[in-house]
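Both complexes below contain subunit A, partnered by subunit B and then by subunit C.
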Partner chain A sequence: MRQHCTLKIGPRIFRIGSDWAAPVRQLRALYADYPMPDDLIAHFTVRLEAARWWRHFLRPSVHINGDHMLPGALPLPLAQGLLAAEMGMNLQLALGERHFLLLHAASAERNGKVLILTGESGSGKSTLAALLGEHGWRLLGDEFVLIDPTTGHAWPFPRPVSLKNASIAVLDAIVPPARFGPLLTGTPKGDIRHLVPNAAALSGMDSPAAPALILFPRFGVPRDVRTMGISEVFIRLTQASTNYVALGEAGFGALTRLVTATPARAIDYPDTMTGLALVEELWSALA
Partner chain B sequence: MRRAVPLDALTALYHRRSGQTHLVTEPVPAILAALAHGPATLAELVVRLELQGLVADTDTPARLRERLDELETIGLVWRL
Partner chain C sequence: MSAAARLLAALLADPGRVAQVRTEQWPMLLTIARAERLAGTLALRLDGLKLPASVQAALDAARTEAQHNRTTALWESEMARRALGDLGLPVILLKGTAYAAAGLTAGQGRQIGDLDILVPRDRLDTVEAALLKAGWEWVKPDAYDDLYYRRWMHELPPLIHTERDRMIDVHHTILPLTARPKPDAAALIAAAVPLRDGLFALSPTDMVIHAAAHLIADGELDGGMRNLWDIDRLVREFGVNDSHFFTILEVMAQRHGLSAATTRALRLAHALYATPLAAPFRARLSQTDRLFLARILARDCWGRGMNKPFRLGFYIRAHLIRMPLPLLLRHLWIKWRRMG
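Up next, the complex of A and B:
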C-alpha cells in the first residue's frame, strides 16, 4: 500500500494501509498521543482500497479490506476515510481475535475494578463511558471489552470514542478541542466525531483489571433499575460477543466465570446526566 | 466430553464435540450426572436418580424417556 501506519491500542497492534494519503494523515493526527508500538508485527491488517483504479481520483470511495472480510460491505466516500479506518479496525478485531473474549461494550475502571456497559447502538454506552472518563474514572474503551480467558480480567482497548450526533456537544462542553478529531457529517450513523481518551486512559492501556459490575443501559426511557438472573446475563453477553463461538471452550470458560462472579443490572434512563448519576449510585452500592 | 456450569435455574453446558453451548434446566443436569457413572437402562437410570435424590417422584420413566430422546437429538447422550 502507498500509505500506511501502525497503531497500538491496548494489547493489540494494527497496521493500516491506504491508497490515499488523507485517511492515514488523519489517523496519525488522531493517534498522535498514543504510545508507539513496541513491536511492528501487527495482529491485524486493515486496507483502505479503491474499488477500481480510476476511483482513486473520480468520486473516490473507500473499500474496507483486510485479513477478515464481510461480504457485501458498502464503500464509504473518501471524506469519511477516517471512519472507514476505524470501522476496518473494528471489523478485523471482531472477526479475527482468537485469544481474548470480545464483548461489544464500553468499560471504565476505578479503584482497580472495572465497570462494563453493554447494549445495542443507541443505548448510550459510549457517551456514558466518555463522561466517566472525564469524571474520575479511567476509560478502558467505548467499543470492545477484551476479557482474558486466563485471568478473567478486562483489558483496555482505548480507541478514540466514537461520539454520535447529540453526544458530540455533551463532550465538547467539557473537553479541550485538541482532543477531538474532525467532524464527519452524513455518515451512515449521522454526524460522528472522535474523542481521544485522556492521558490516564492512554498511559494505562497495558493495565487490565477485574470486572466488578455489568450494566445494560437503555437510553430515553423513564429511570428504572432491574436485577438480572445470571442466565439472562449469560445469554445477552453471548449475543454481545463477536467471537464467543470461535473461541470454543475458552470462551465458555471466560463467559461463565464473568457472569457468575460479577453482579449485573439493567438500567433505564431518560437523559445522560440521570444515567451518569445512576451509574455512580449503583457503583457506590457495591462498595 | 462436556463441561457444566450452574448459573441459576439454568445450567450452561459446553459440548466439546460440537462446540455448542446448551442452556438446560433440571432434570437434564441430573440425568447427565447420573449417566456419567456409566451406561444404564431406563430402569437403572431411575434408580440412580432416586438414590441421589436428584429426581422428584413426578419424574416418571415416560418423562425421563422424553428428556433422553431430546438429549440424544442434540448429541449429549446416545444409545448403546
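Up next, the complex of A and C:
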C-alpha cells in the first residue's frame, strides 16, 4: 500500500498500510518516541482501506482490515483514521494472538510486581492506569495485558492510552501537551484523545514482571472493597480474554496459575481520586 | 500475478529456500499465508529451520491455531459419528476433516472450516432427521433458499449446531446437480475407505478428484493455493510409490466426468509445487492454465485480492459452470427482487 509504517508495541510488531496519508502521518507522530523494531518483521498486518476506489476522495471512510477480520465491522470517517489504526492493531492482537493469554485489562508495575485492572468499558481502568503511570508506577498498558503461559509473567503492551471524554481533562492537567495526540471528536465512544506513555513505560516495553494483584474496578458507586473466590475471578477473566478458548490447554494452564497465585478484589469507587487512593491502599496492604 | 504469492508457493514446495528469503519479504509472506489459510502449513514446513525471532513467533502462533483447529474439527466429526453412527449407512468425511482423521500429510497444519460429509442421497431424510434430533438447526430458514438447495445443489442447506456453533454440510455428491459434469456418487461411496472410528474417507484417487472438482469445476478459485497444496500432498503420499495410482486416477476422473478438471488441477499443482506426475498427466501449461494460475496467485503483498475485473471474470465463470444460463438468470432475478 502506498502509505505504511511498522510499529513495535511490547513484544508484538505491527505493519500498518493505508490508502490515505493522514492516518500514517498521525501514527508516526504519536509513536515518534517508541523504540524502533529490531528486525522490522511484523507479526500482524493492518490495512486501512477505502471500500470503493471513489471513497478515497468522496465521503472517505476507513475500513479496518488485516490478517484477521471481524465480519460486519463498521467503517470510520477519515477524520478518525488514527482511531481506526488503533482499533485495527487491537483487533489483530485480539483475534490473532496465540502465544500470550490476552486479558482486556490495564496494568502497571511497581517494585517488580504487576497490578492488573480489569473491568467493563467505563470502569475507569484506563484513567486509573494512566494516573498510576504518572505517579511512580510503570504503565504496562491500558488495553491488553499479555500473560506468558511459560513464565506466568505479564508483558507490557504500552499503546498510547485511549482517554475518553471527562478523563481527558484529568490527565491534561498533569501531563505536558507534547505527549497527547489530536482530539478525536464524535467517535462511537465520544471524544477520544491518545496519551503517549512516559519514557519509563516505553523503555521498559520489553520487560515483563510477575502479577501481584488483580482488581475489578467499578466507577461512580460508593466506595467498597469485596474479596472474590478464585472461581469467580477465573470466570470473569475468561470473559475478559479474547483468546482464552483459542489457546486451549495452554490458556487454561496460564489462567489457573494466575488466579491461584494472585489475590483479587472487586473495588467500587465514586470518583477518580478515591479510586487512586484505594488502589494504593490495597497495594500497600500486600507487602 | 504476485511475486510474493509465488514466493510462498516456492517456500512450501522447498523449505530449504528459507535461507534466501530477505527480511523485508517476511511480513508479506506471513500476510499472504494467512490470507490463503496456509499459515499453519507453512509453520510445519519450516519446522526446525533457522528463522528470525518474529517469524518464529508468528509461525508458532499459526501452529497453535492449526492444532486447536484440528482438535475442534475432529471433535465435530466425532459428534457427527455419535449422531449418525447407528443409522446403518456410510458417513464419509470430506476435505480437511478427512485428511486430519486419516492422518494424511495433507492434513498437517491445515486450517479446517465446516464439517463436510457425504452420505447416500436416498438416505438424506434419515440423516437430516438424526442431525436435527441431535441439536443441529437450519442456518437459513428461508423457503426459496431451502428449495434451491434441495432441488439444485449437491448438499443440504447448511446446518449449525445450537450449542457448539459449528456448521455441517451434508453432501450427497461433489458437484451441484446443475453443473455439467455428473460425478458418480454411488461409485464414490462404494470406493470409500473406513477410518478407525467407523467413519469413512474417500479413496485416495477420489480425494484428488474431489479437490480438483472443488477448485476447477465449482468455485471462483478462491483458496486455490491451499487446494493445490492438498492435491500436491495427496499425490505425493499416494502416487509416488503406487504404480497404479495414476491409472486409477485417470479412469475414475473419466467416470466422474471430471477428466478436464483433474488434469488441469494436476498441471497447476505441478506448476506451483512441482508435484510429481505420471505420463498421462504431464503436459505443458496451456494459455488457459496460465490464466487460472494468475487468478490463483492474484494476492498482493498486503494480502489483498489483486486485479478486480480479472477476478470478476472468474466469479462469473464460477456461476456459469455451476448451472445453465436460464437457471442462473432465474436465480439472480429472484434474489434481486428480494433485495429490493
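Methods note: the second predicted complex is superposed on the first by the 287 of 287 C-alpha atoms of A that agree within 3 Å, B and C clash if a C-alpha of one lies under 4 Å from a C-alpha of the other, contacts with A are read in each partner's own complex, and residues count from 1 in each chain.
Following the convention adopted for this analysis, a contact is a pair of C-beta atoms (placed from the backbone, for glycine too) under 8 Å apart; a residue touches a chain by one contact, two chains touch by 3 or more.
Quick caveat: nothing in here was measured; it's all calculated off a predicted structure.
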| item | value |
| --- | --- |
| Partner with the higher number of touched subunit A residues, subunit C or subunit B | C |
| Partner chain in contact with A:Val259 - subunit B first, subunit C second, else both or neither | first |
| Touched partner set for A:Leu95, first subunit B, second subunit C, both or neither | neither |
| Partner chain in contact with A:Leu282 - subunit B first, subunit C second, else both or neither | neither |
| Which superposed partner A:Gly248 touches (first subunit B, second subunit C, both, neither) | both |
| Those residues of subunit A which subunit B touches in one complex and subunit C touches in the other | 248 |
| Parts of subunit B lying in touch with subunit A, wherever the complex brings them together | 3, 5, 7-10, 12, 14, 16, 19, 21, 23 |
| Interface residues, subunit A side, partner subunit C - complex | 1, 6, 11, 13, 15, 17, 39-43, 45, 47, 49, 66-68, 96-99, 246-248, 250 |
| Residue ranges of subunit A in contact with subunit B within the complex | 229-231, 234-235, 238, 245, 248-249, 252-253, 256, 259-260 |
| Complex interface listing, subunit C residues touching subunit A | 23-24, 26-27, 30-31, 34-35, 52-55, 57-58, 60-62, 64-65, 67-68, 71, 302-304 |
